[in-house]
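One chain, chain A, appears in both complexes that follow, with chain B as partner in the first and chain C in the second.
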Partner chain A sequence: MADNNKFIVSHAPFWHDGSKISTRNYNMAFAAFPAILLGIIYYGMSAVGVISLAISSAIIWELAFCRIAKRPITIGDGNAAIIGLLFGMLLPATAPWWLVIIGTFVAIIIGKQIYGGIGGNAFNPVVVAMAILMISWKDIFDFNEALINYDFDFAMVYPLAALKHFGVSAVDSFSMGDLLMGKQSGGIGATFGIGLIVGGIYLIIRGIIRWEIAFSFLFGVFLTALIFNMTDSARYAGPVIHLFTGYTLIGAFFLATEDSSSPVNFIPMLIYGAGAGLMTVLIRNIGVYVDGVIFALLIMNLVNPLLDKIKPKAIGKVA
Partner chain B sequence: MISNKELQIAYGLAIILLVVGVLSYAAFPAKAQEEPVRLMFKCVAGKILFDHKTHTVESGYGISCSDCHHNLEEGETNPQACGECHEPESQDEDVPGRADAFHAQCIDCHKESGAGPEKCELCHVM
Partner chain C sequence: MIKRSFIGLLKPRLEYGSIEDTPSLKQIPTPKEITILSNCPFDKKNLLLKKKATVKTGQKLLLYKESDEYVISSVTGQVSSISSYTGDFGRSYTAIAIEVADDEEIDDEFKATAGGSKDATIETVKNYLAFVPGNSPVKLFSDKSKPVNTIVVCCADSDLLITTNQYVVKSDIDAIKNGISVLKTITGVNDIIMVASQGQMHELSATGEKVKQVNDTYPSALPHLIMKDILGKEVPAGKNSEDIGVCFISAEAVASIGNAFNTGQIPVTKILTLVKKDGSKSLVSAKLGTPASEIFKAFNITLNENDRIIFGGPMTGSSVYSEDHPVQPDTDAIIVQDKEDIPVISDYPCTNCGDCIRVCPANIQINLLVRFLESGQYEEAADQYDLHSCIECGLCSYVCVSGMPIFQYIRSAKYELGMANTAEATNG
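Coming up: the complex of A and B.
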């Protein structure tokens, strides 16, 4: 037996190590902060308005639901706040107030509470809300149209839209450095690559998200984009564009890793992440949607219970 | 188990951010600029993103206002938007419809200067 110590359990009393759900969630907010800060620097008070309203309305929806359903008030765990925060990060800075409020309603009530609250949801609430809203009001999520009045020192064409409509030559001017520094149009908190990566690594080190999911997702995007690019580099952009534009990075570190909708075992986590990465690039390259992250994650959320059937062998059992 | 302190933080967060959010939306409404940066034209053949600023600034193509806004009087600085006269369906023979006006304006100029898209799919995006 490799490690017998694993099976030795001391008797009570036990000592709680002090970790709480709220600590995890506020750590996530902390990790997301650099990316949001850059969004606020670029888009000013509009971005502040969207993010603030998203967080507060998410908390209020959860509070309202708990009261109406006569369930314990769960807003203290910070999960509603983090759902609102992540949802706000994906929106364009020009998102109207009613869209934010409808979005957090869908995320909190339809995405989470009707499944029984935290930990019960089959799909990532933020992704459910985004998917429903993107299909319902697609013009608002057309970043070229939404951010039409913003003028910065970089090209304000949404890279993935340019890629889809005008081909690889239209995105040649985007350098990896600029994309990582957030010099691209997109969601409020979704464009600052370095900020998202640093935040993600912080969460991985703190043990809040699983590196297996985040990195296998990025690897899936990279490999699929590379294969497409190698088959026809005139039609399909290289991996750099796919990795650092759209919702790829925020998806890898903040959306795909959501606890209750992602697998828990090693192999399933790798399949889940890589599958979502693969689907993302498939949707971007041959699907009709400009960005595929949201729908790819939704599909992989659906597969998640099946993936978790792949279990490690029970230790000590004779085959 | 959720402590009282956590609940208070959540209530505080909800109230403060609600106030900040409502104030941000109310005090800083999205306003269109005097001179548009980019314009999105919409029609049955999809959307067309037009970079107004790049066409007008000196570091871009440096086209003067009156080159396109053809009814501009001498010294007048506030041109009308194209769509004010060029309606989608033109009833007036002297005023071309919106599509014809844009097609003539854009494609002719692009041909003349040997730059810029001339083919449909290079502007129109479904």
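Coming up: the complex of A and C.
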């Protein structure tokens, strides 16, 4: 042998398509940007503050956990940043600093790391954090109360709360165009409908989120709201209000589609999405909570492992 | 390497390599020493072949007492060493090194026994043509427990980049025709199907045999998918196509059999596709047993530390640890990968993104399967998550966002289960 080069000896395949977890997460942040931008335009520096604190504290919690648990440092994959970002988008711009930090603690540590980190979580970490915070400090999530000091050229009302407390007539003034343009009260990054839809479609085209889940979720919300509306249009608002208010759009494109807590087979994805949509409207219309997206997703996360048992038949499988 | 497209919603489209016209073939001169690998595990005690024995080109070399395993010497010369070689999964091979003499002599045993194509018998083919270029599965023809009723001649190449079989079809169609008539005579099977890519259809339909077209994207030309899509027969999980009476043979092997009876000499020259670091392809003809380094020398390829040499295609081949690894009857390609181009395998867990599910041609629930495989629960993986349905295309690892070696997990699980079953069978 002329020289003794050492070669890499590994297993097939010797090609990879170059996809990476970090690319997915940074694309997700990119897709969320338009929605956040409008929040920042409306709420100014306090929105910047909440979002920045959410992202940075989420990263720090992840770093701290990895250090303490002596695991490899995983903050580079962008997953912690995305959890922080999405969490910040759901919060009102007036959320106090301690709430943000507790929220990201719950999301990163309780929502994700105790299950073994990325890919192991049974529930969407952001949704877990929101659920716990909404139950613990429900006044802060009363958007009308929280954002009372902001005065814009549109009715600064949280549509779902108005709907719940004052009935359908209270939300008559909201037109679909206004809702899509974010002319409503709500979470920093959850109100700008067009921004969320554009971001979501970008993620679908890039193959980062699964379109089946997003569309079936929206379809579930639409159909259930329509049925309610048709039975009694004086008590129940139409599907447009349900589709473009609260956390519906951010839920459809950014929360329901979280990888590890949602199914991957075609039929399960449809059931999962539609089920979450159905639960959302049920909670909004006959439940006690103003918005149902968070709890609906938690419940569907719970049935996800069962749903994923519905699988196509593998090649050559006998019986 | 084909990267993920911007529109990730679409499945990756991996097109098979194709050749236009007849590309030039570079002959590699016979090296000073060649090495022949036999599938037989090395067993010093029962060795028949002795060191210093002189061999002729095309001579059949029986290796062990009480075994009919043999290899065919591709050169004339003297056996310089017989040793053990360890391959993937710790498999043991017998490596026979032969020092090449100056003058070539052709062995005439085959000519004397075989006669012409008309007199071909299954015994002659089994006794002399199991080690021809193209890896002919001649043993299967005489296996009484699994009668063959259909023979599929693969004229398309099964892995990406490779154009070896396509070249043989272009350059030696007469030998293939002759080979097919020999196969018909010896097996009595009349149902012979040629599987070809779109570009080959015209040429092959002229042969008068039954020709079926295979899709031009990977993994359509893998045997299990040919069975399912072209023959309409699903191979039961964990079984091979031979188990249900279909035998696959490469066009090159058919051509080798045809040529053997035409010329009275056992073919010893392998055609292979060489893929250089920059991705350019060349067709090479080399004697069986030629070390890869001789081919690299002929093409001025320099290898550096941490590069990779792959025998076979980019999806299903295997990498070797020595530049001197010899060309074998099934070496359809040698790929050289620069260390910069080697994708990183990570120990990240599965994030459940579902890309593998979309791409899997066998409909396997890979996201769940891989969790069982990672924790070594092979039995559960086989019982509940269709481990044995895997057709080994490697696409799951190719698309894995986490960079997990899923394909390797599957192969080692199958291997471990196979070992456990064998142990159970022997221990009662």
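One rule holds for everything that comes next: the second predicted complex is superposed on the first by the 302 of 319 C-alpha atoms of A that agree within 3 Å, B and C clash if a C-alpha of one lies under 4 Å from a C-alpha of the other, contacts with A are read in each partner's own complex, and residues count from 1 in each chain.
By our rule, a contact is a pair of C-beta atoms (placed from the backbone, for glycine too) under 8 Å apart; a residue touches a chain by one contact, two chains touch by 3 or more.
What you see is a predicted model, and the numbers here were worked out from it, not measured in a lab.
Novice: Between chain B (first) and chain C (second), which does A:Ser19 come into contact with in this model arrangement: first, second, both, or neither?
Specialist: In the superposition, A:Ser19 contacts chain C only.
Novice: Should A:Ala81 be classified as contacting the first partner (chain B), the second (chain C), both, or neither?
Specialist: After superposition on chain A, A:Ala81 lies in contact with chain B alone.
Novice: If you stack the two complexes on chain A, which partner ends up touching A:Ile118: first (chain B), second (chain C), both, or neither?
Specialist: second
Novice: For A:Phe7 in the superposed arrangement: first (chain B), second (chain C), both or neither?
Specialist: second
Novice: With the touch criterion stated at the top, can you tell me which chain A residues are shared between the chain B interface and the chain C interface?
Specialist: In chain A, residues 20, 77 are touched by chain B and also by chain C.
Novice: Please name which positions on chain B make contact with chain A in the complex.
Specialist: 2-3, 6-7, 9-11, 13-18, 20-25, 27-28, 30-33, 36-40, 47, 49, 53, 121-122, 125
Novice: Name, in rising order, each residue of chain A that touches chain C in their complex.
Specialist: Per the touch definition, chain A meets chain C at residues 1-2, 5-21, 24, 77, 116-120, 204-208, 210-211, 259-262, 264-265, 308, 311-318.
Novice: In their shared complex, at which residues does chain C touch chain A?
Specialist: Where chain C meets chain A, its residues are 1-4, 6-10, 12, 160, 224, 228, 234-239, 293, 303-310, 312, 314-324, 335, 337, 339, 342-343, 345, 348-355, 357, 361-365, 367-368, 386, 388-389, 391, 394-395, 397-403, 405, 407-408, 411.
Novice: Please give the residue numbers of chain A that touch chain B in the complex, ascending.
Specialist: Its residues touching chain B are 20, 22, 44-46, 48-57, 59-60, 63, 72-78, 80-81, 94, 97, 100, 142, 144-145, 148-151, 156-157, 161, 165-166.
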